[in-house]
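Next up: some structures, all given as structure tokens.
Look for subunit A in each of the two complexes below; its partner is subunit B in the first and subunit C in the second.
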Partner chain A sequence: MKEKTSRSIWEKITDNSAASVVIISTVVLALVTGLAAGPSQVINSIVTGGMWALLAVGLALVFGVMNVPHFAHGESFMVGAYVAYFVFSPIHQSLQESPNALLAAIAPFLAMLVAGVAGLILGVILERLLFYPLRVRTKSGWVMNAFLLTVGISFIMTNGTTLTLGPNFRGIPRYWDVEPLEFLGVRVAVDRVVAFFVAIASIVALWFFLRRTRTGRAIRAVSQDETGAQMMGINLNFIYPLTFALATALAAISGASLLFMFQAYPTVGLKPLYFAWYVVMMAGLGNVVGAIVGGFIVAVLQTATQQFVGIAWEDVIPTAVMIIVLLVVPSGIFGSEVKGVQEQ
Partner chain B sequence: MNAEQKPNAGTWGMITAGLKKIGFSPVGLVLLGIVAILPLIPPFNQEHMIRWLIMGAFLAAQAAAFDFTSGYISVVNFGFAAVLGLGAYTSAILANKSPVLMVQPGISPWIGIWIGAILAGLVGLGLGWLTLRLRGIFAAVMAWFVGIALMGLVRNLTDLTRGPLGMNPETLFDTAANLPYYYVILAMMLVVYVALRLVTRSNFGLAFKAIGQNIEAARASGINPTKYRVINFALSCMFAGWLGGFYAHYFGSLTPQTLMHTSKTVEVLALAYIGGRGSLWGGMFVAFPFVFLIEFLRSNLTELPGLHLVLYGLLMVLVMIFYPNGVAGLYAWVVNKVKSSRSKGE
Partner chain C sequence: MLQLKNLDASYGFLQILWGVSLFVDEGESVGLVGPNGAGKTTTLRTIAGLLTPTGGEVSFKGQSMNHVPAYQTTRKGISYISEDLNLFVDMSVRENLLMGAYIVRDREKQLETLDFVYQLFPRLKERESQLAGTMSGGERKMLAIARGMMSSPQLLLVDEPSLGLAPHLVTDVFNSLQKLQEAGVTILLVEQRVNATLEITDRAYVLEHGRIAMEGPSSELVQDEHVKQAYLGI
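On to the complex of A and B.
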């Protein structure tokens, strides 16, 4: 996101041997999977990639701007799933009694919207309540302290949810009661298609916000140089809560749009968290553009693992790959140029 | 326990000096004595109370081993629970006699625990080597990924471990009583603490602290970070595996989820941080009252599941934000206050 690195992503890829190796092998892997299992697996990877990208973008944004390695991102996902459930199921109930085609079509979007707003509010509360006091008090080792703080937040939020809502699974079979779409001879559920487009639309909206609006530019300025941004009159006490709220809202939206796949329960956020972390560690901590590409790479890896090794290995094999990536290029294949990464 | 003591003459002075070498102040020794005789005194002599004490000692030893890495070389070993589970599973598989599983070596748990510890130590050696080039958050995430991979392995190698169904390893004693186990784990806790204390009191401890504070400065002073980081990881993980072996042969039931999950690491991390980073004894001191508080809440507030864990997390977050030195820092502060008021009085 830095101006001095605003060369196109293509130049960065061609300049960078690690990135080219990973991208070429991903494309080959996707082709092999596609040939072995048919186009359904390729579509599966693309849809999964969209949601991992959406989650990872939030993670990268929080790290890039605030230097917070966010471990409680999965809990934002969980909150989104719960909010969507509690908004959608009453509407669904009432629709059973008095059918209304328009409401049935927009109710899921309403659920996602409310989840997003809930994410915004939650993000602001968390930032003001926890990160602000920590920032005021921390003198050194901010990255590690912030990381452990998010670990604590994650612990409290999962167990707090168990305490208040119980360990029950709350899910829905599908958002829209319509026939699956036909695409390349593959039947894809409407919910999946919509989830993918919601992810893409959210990423594009974020992109425009960061590039084209004054506030978005201020966020990018802070990620480049905090002191310089402050001297230009940017109020950090506005930018930090905003950034954190945006990231939380993105995670909440993805939790809401995937409610048909991930039922809402207290530890639902764990798997999305794992995969979002694989993406950002591979792409480079804090690299927002890299996170989008990385989301699809990890999804291909995951689909290929499911196809060739077995579904039980879907976190072991990607983890092993990430360990190798971390060993060879610790700052990720697209590079991490965020301040403070090398801080002890 | 780190209080500076005036070198006073006589037997008392010699005893305290000797104790100090292995990391005990008189106060610490008294606390240890209380903990040792606690299960003989009513109301603590009930079986469920002794179980709580065992959990306390088990967590206390883990907290010390965890703090040895996070508090000294400032690398948070996020795969700690997974390494502990590795030791537990190794020992359990070696002791296995049931034909359900692929191998039935039937080695006595008393020997298997040590083999598990050695294997965990070797994994720690590898983990230390893997995280060598990485700092802070990258090292933590690397250890976390290794932990996830280890847990996935244990879950998937169903021929050896029965996967998520879990194993039922042999127990150490042929008795249902908990008391013998308590003294075993108490002794293990002491060994972990004294061994780690001896290491940190030596030049190694200085080198660890130097690396933890500023790796470049340490290198410039002639300390080889590679060597010390690998040694630190290996020792910490070896003790983790050893304690895991005890867990396996005490509870007699093992599943990946209850032992190797990241949330187990977080529990130990919370204890070590509340106790005070870089003190070794802080987490141990906190562990016993903590287990009692938590188990008390769990058994008395059954309609509120998870409340004890919420409190756990809240306390950790509050300590991290408002009092990062933890209990050990509080103790040092009190000791300093007492000293300065005393010197003013003279």
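On to the complex of A and C.
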């Protein structure tokens, strides 16, 4: 008797006709863009895709585990950018006076690492300070309340930053002062290549953590059945701050590694936030795997729009596609496995 | 081992349990029967720590459990197998079972218990890598019971194991509960199938409208006129 046992991700995708249609058309679109505009646009999509994926994974995680529609995710990105700037600039300055090749090579990674740690700390503080009291008080209307809370956080953080650091742009032209790499006859800045690999490495690390470690499995258990997880002896007051901290750290790392593209200023997180939301809505709320694939789909759409329609339409086309996708498959391309938080 | 004294419990303003007192001794198998809406599930949820009692006391091994949250009651040795199972549907059978042993940090011990439950439920071993969400009702029920065993609990709270199952599967489930009991696990069983419950338990309580209406050895309750009329349809 042959039984269908566990389903691989690939089977999940091919089983799902909406997903296959979208993935195939994305690949075709990417190829067409590549042919029309040269491989540099394809590489561009891949790099941006990695970043949207990294941001969207955080959103999906927070929504999947805590049922929080996180609209302050962009501010975590902003904090990451600022932290990276304030770590990197002084080192960069001192390097001008006394060059040191090794320090120059690792300083950007140091900046990203510090940004990530700052994200972890910020995440724990926000969860303990805001979501925990809300959860203790009432669970009715949780999603709406949590949404309003994140909008409030976003508002306070952007304005607080303007107040303390001013509205000025703080950026760097590049992390590494080296020649661009040659790849398929295209010159790609080292910063972009590194940003892509940082995104991929973070996603792989997160994936490994969620699949292979005891605590990671506990996070997945909470997202699948909160009551069941408690019955297994899982402490939600440990899992929630941890999840929120992880998501915040991912966004901060993303902000740090893209500092050369997005300078640090109070509202820098807005655009990445919107794109990350396009991704999770299109892929299916709370679906972490979907968010990874979705990141690349949105990036290809964005690049194709820039190429064929014009950069001003960059937000319009992905939004339109998102609406169409949601009309056809309301739970997103890859579906959503999230259950409502008020199940009792 | 487990003792409830004048336990009150409510959902919001709606009080469900009114001064429920019962006890379960070590190694015993005790049934809690009664009609729909009597408060059987509420009783178990309160013991498991998913609901905080509004009055009275729950104590386990002499320790008050009134304000112990659910994740702590599991760590103290109480395992609750709920009516709606609360399986992790997107995890495999094996992953579900290992989640059941979340509080067991010793890997060797985890695998030992895993072997033990696979012996009890050979079907689960066959389905090891299948996703819990894709299994049939009977298999899910078995998985939930097996998962509840994985923390090596001292007390097992089982809620309506027969609910929604085909008759031959009910026999399977009851047989497996009996096996557990023979293996020395203390069980508090909530059921609507009064006859079958009274057959496999040592003692039983009848819960009606949130109050204990009757109690006694199962063999005596089977003979009772009220029980016969109200629950056994004789």
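Quick note on the criterion: the second predicted complex is superposed on the first by the 333 of 344 C-alpha atoms of A that agree within 3 Å, B and C clash if a C-alpha of one lies under 4 Å from a C-alpha of the other, contacts with A are read in each partner's own complex, and residues count from 1 in each chain.
Quick note on the criterion: contacts are C-beta pairs under 8 Å (C-beta built on N, C-alpha and C of every residue); 3 or more make two chains touch, one makes a residue touch a chain.
Just so we're clear, the structure is a prediction, and the values are computed from it rather than from any experiment.
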| item | value |
| --- | --- |
| Contacts of A:T248 with subunit B and subunit C, given as first, second, both or neither | neither |
| A:L130 touches, of subunit B and subunit C: first, second, both or neither? | first |
| First (subunit B), second (subunit C), both or neither touched by A:N235 | second |
| Partner chain(s) touched by A:N44 [first = subunit B, second = subunit C, both, neither] | neither |
| Partner chain(s) touched by A:T303 [first = subunit B, second = subunit C, both, neither] | neither |
| Touched partner set for A:Y274, first subunit B, second subunit C, both or neither | first |
| Touched partner set for A:L148, first subunit B, second subunit C, both or neither | first |
| Greater subunit A contact set [subunit C / subunit B] | B |
| Residues of subunit A contacting subunit B in one complex and subunit C in the other | none |
| Interface residues, subunit C side, partner subunit A - complex | 48, 50, 69-72, 74-75, 79-80, 82, 85-92, 95, 98-100, 102-103, 127, 129-131, 134, 147, 151 |
| Subunit B residues within the subunit A interface of the complex | 74, 76, 130, 133-138, 140-142, 144-146, 148-149, 152-153, 155-156, 212-215, 263, 266, 269-270, 273, 304-307, 309-310, 312-314, 316-317, 320-322, 324 |
| Residues of subunit A defined as touching subunit C within the complex | 3-7, 214, 217-218, 220-221, 224-225, 227-236, 337 |
| In the complex with subunit B, residue positions of subunit A that touch it | 69, 130, 133-134, 137, 141, 143-145, 147-149, 151-156, 158-160, 162-163, 166-167, 274, 277, 281, 285, 310, 312-313, 315-316, 319-320, 322-323, 326-327, 330, 341-344 |
